[in-house]
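Okay, got some structures for you below.
Two complexes follow with chain A in common, the first pairing it with chain B and the second with chain C.
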Partner chain A sequence: MSASNARRPYKRPMGGWWRKNPYFVEYMVHEGTALFVAAYALLLLAGVFALGRGEAAWNSWLALLRSPPSLLLHGVLLLGFLYHTWTWFNIMPRTLPPILIGGERVKATTITRAGLAAALVASVLVFALAARLAS
Partner chain B sequence: MKAAPRTIRIEVLRYRPEQDKEPVVQGFDVPFTDDMSVLQGLQYIKDEFDGTLSFRWSCRMAICGSCGMMINGVPKLSCSTFLRDLYPNTVRVEALAHFPIERDLVIVLDDFITKLHKIKPYIIPKEPRALSQGEYLQTPEQMAQYEQFSACINCMLCYAACPQYGLNSSFIGPAAMALVHRYNLDNRDGGRAERDPYVHSEEGVFNCTAVGYCSEVCPKDVDPANAVNINKTESAKDYFLRFLKPKGAQA
Partner chain C sequence: MKRSNAPIFWALFGAGGMLSALIGGVLVIITGLAAPTGMGLPGDTLSYAKVLAFTQSWPGKLALFVVISLFLWHAAHRIFHTLHDLGIHAGLVARLLCYGVAAAGTLASIVALLQVA
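Right, the complex of A and B next:
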């Protein structure tokens, strides 16, 4: 750009962009819940390692799970999971190609509800299986 | 009897490169009637208070895509946003986010125009066709495939809504992808292979993290986020399936 050019486009900084709009704050929160999912995956992975190290290690891992701080952590992680699930299926219609049933395009709300219902059914099945194995 | 006009405070982010080092806010008390848009508020300021205020506009009816700006932090067409809905609060008007400001509310849109050129947003025939073969015929079902994505008016609100574009302007972005999708879905078009390299490139669809705000702010319900995300699947298929193709085979 020559010195005689009066053009001087101003580029605004992006610092703190996600705090400037409630939509972005929610986006960061729901993306953040992925860390809850990762944390629980690590918790389960620790269980697998404990199992590999023998009965004593396994039992102490189980005892650790039953401790009050662990129960509190599970409660917090569960809330994170629920919000994660809710927001995941909310964005799902935006990621799918059109689904046609009887020549009509399936509505976004229907796709979200179907996803949430599938998650609920899967959760109930896992819970029933766990309850059966525990009894 | 006609009600007396009310007065609303409009704060405009001004930037006059010859005198301002960086943008500054300037407030105006604008009398308005119920039928006045934010654009008309700005026109009142230009006519009555300060003739140097710069902004783009043309049609005044939400079809030309010229008057997009940030209104209270949200990308909107100023011609279809009404002062009566914002009163009695102060209205804050700023140039579209994520684009460099040329002057006041005017942005530098060269980047978007370059992208539009790059995606070849026109029908590229599958094979040469003589005039004597007549026009293309298309059924309503074939048209329904792409119609939603053809409603884009190039207003760039979706780019102002996309933090990924703000953080990395090399990203192809929502509207360009909506138009890629629109032409790729058209049964008269055979240009997908020419558009694919850009879509699958570093600047392509995978810069999108599914924020989804682009589709929220779209004044024409184009749903550009859908176009981007459907093409992520296509891009992933292109990446992995090439390993299954015999060597030397054409994509």
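Right, the complex of A and C next:
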């Protein structure tokens, strides 16, 4: 599909289509959590690089992490991640193949609740591990 | 017939999405809020010695590698397909911007983690 295509086929304009329907606005917002996930991964990566450059570089990175803008940024990232968790497990019943237990299809709400419960348990375990490693 | 590479990218998207849905939030709390402020975790959690010891260990390196790379592949795949929904269609530029960043970030994380010897 190059600009020199002589046919110039009609392309329906797509500007802002999703803003007209709350369902699609929500879709764009939950897809948008990917930006938060990417930003957090890049922050971790920057931290590992700082660590590799020695103690002085790490301490400057740590000072940055302790600054109010960084705390605010991580607060916003946390909201993004929580929304990602919520939507991920809400969508999961539709992305999984049907699961049968005792011949009955597992209900969508059961799958969502199990996922959210798993996230809670995993988060508590990870925090406990971090506390143990730090002590 | 040429085999599609789509399942690989989808699997990385799914794995990263699941990992970030399970523990992404608590990781942000640990590394970005609790540890820097000393609220809920010891104040020296992110001291050079402690972070160095964690990152020098192979389990620590593996954990960081898995989180950084899977989060990036998850985000890349999702952003790539959302660009399509926004009218920016699957071209080489969109592909390079999304999967290229994830691939570069994965390589960079290997380099960075191995630098912490």
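Following the convention adopted for this analysis, the second predicted complex is superposed on the first by the 121 of 135 C-alpha atoms of A that agree within 3 Å, B and C clash if a C-alpha of one lies under 4 Å from a C-alpha of the other, contacts with A are read in each partner's own complex, and residues count from 1 in each chain.
Assume a residue touches a chain if its C-beta (ideal position, glycine included) is under 8 Å from a C-beta of that chain, and two chains touch if they have at least 3 such contacts.
If you're wondering where the values come from, they're calculated on a predicted model, not measured in any experiment.
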| item | value |
| --- | --- |
| Partner chain in contact with A:P68 - chain B first, chain C second, else both or neither | neither |
| Which of chain B and chain C A:G102 touches, first, second, both or neither | neither |
| Between chain B and chain C, more extensive residue contact with chain A | C |
| Touched partner set for A:M14, first chain B, second chain C, both or neither | both |
| First (chain B), second (chain C), both or neither touched by A:Y23 | first |
| Chain B and chain C contact sites that coincide on chain A, given as residue numbers | 14, 18, 31 |
| Complex contact set, residues of chain A against chain C | 1, 13-15, 18, 28, 31-32, 34-35, 37-38, 40-45, 47-49, 51-52, 55, 58-59, 62, 65-66, 70-71, 73-75, 77-78, 81-82, 84-85, 88-89, 115, 118-119, 122-124, 126-127, 130-131, 133-135 |
| Contact footprint of chain A on chain B as seen in their complex | 15, 17-18, 22-23, 73-74, 97-98, 100-102, 108, 163, 166-167, 209-213, 215-216, 223, 225-226, 229-230, 232-233 |
| Of chain C, residues touching chain A in the complex | 16-18, 20-33, 35-37, 40-42, 44-46, 48, 50-52, 54-55, 64, 67-69, 71-72, 74-76, 78-79, 81-82, 85-87, 89, 91, 101, 105, 108-109, 112-113, 115-116 |
| Interface residues, chain A side, partner chain B - complex | 6-12, 14, 17-18, 20-21, 23-24, 27, 31, 91, 93-97 |
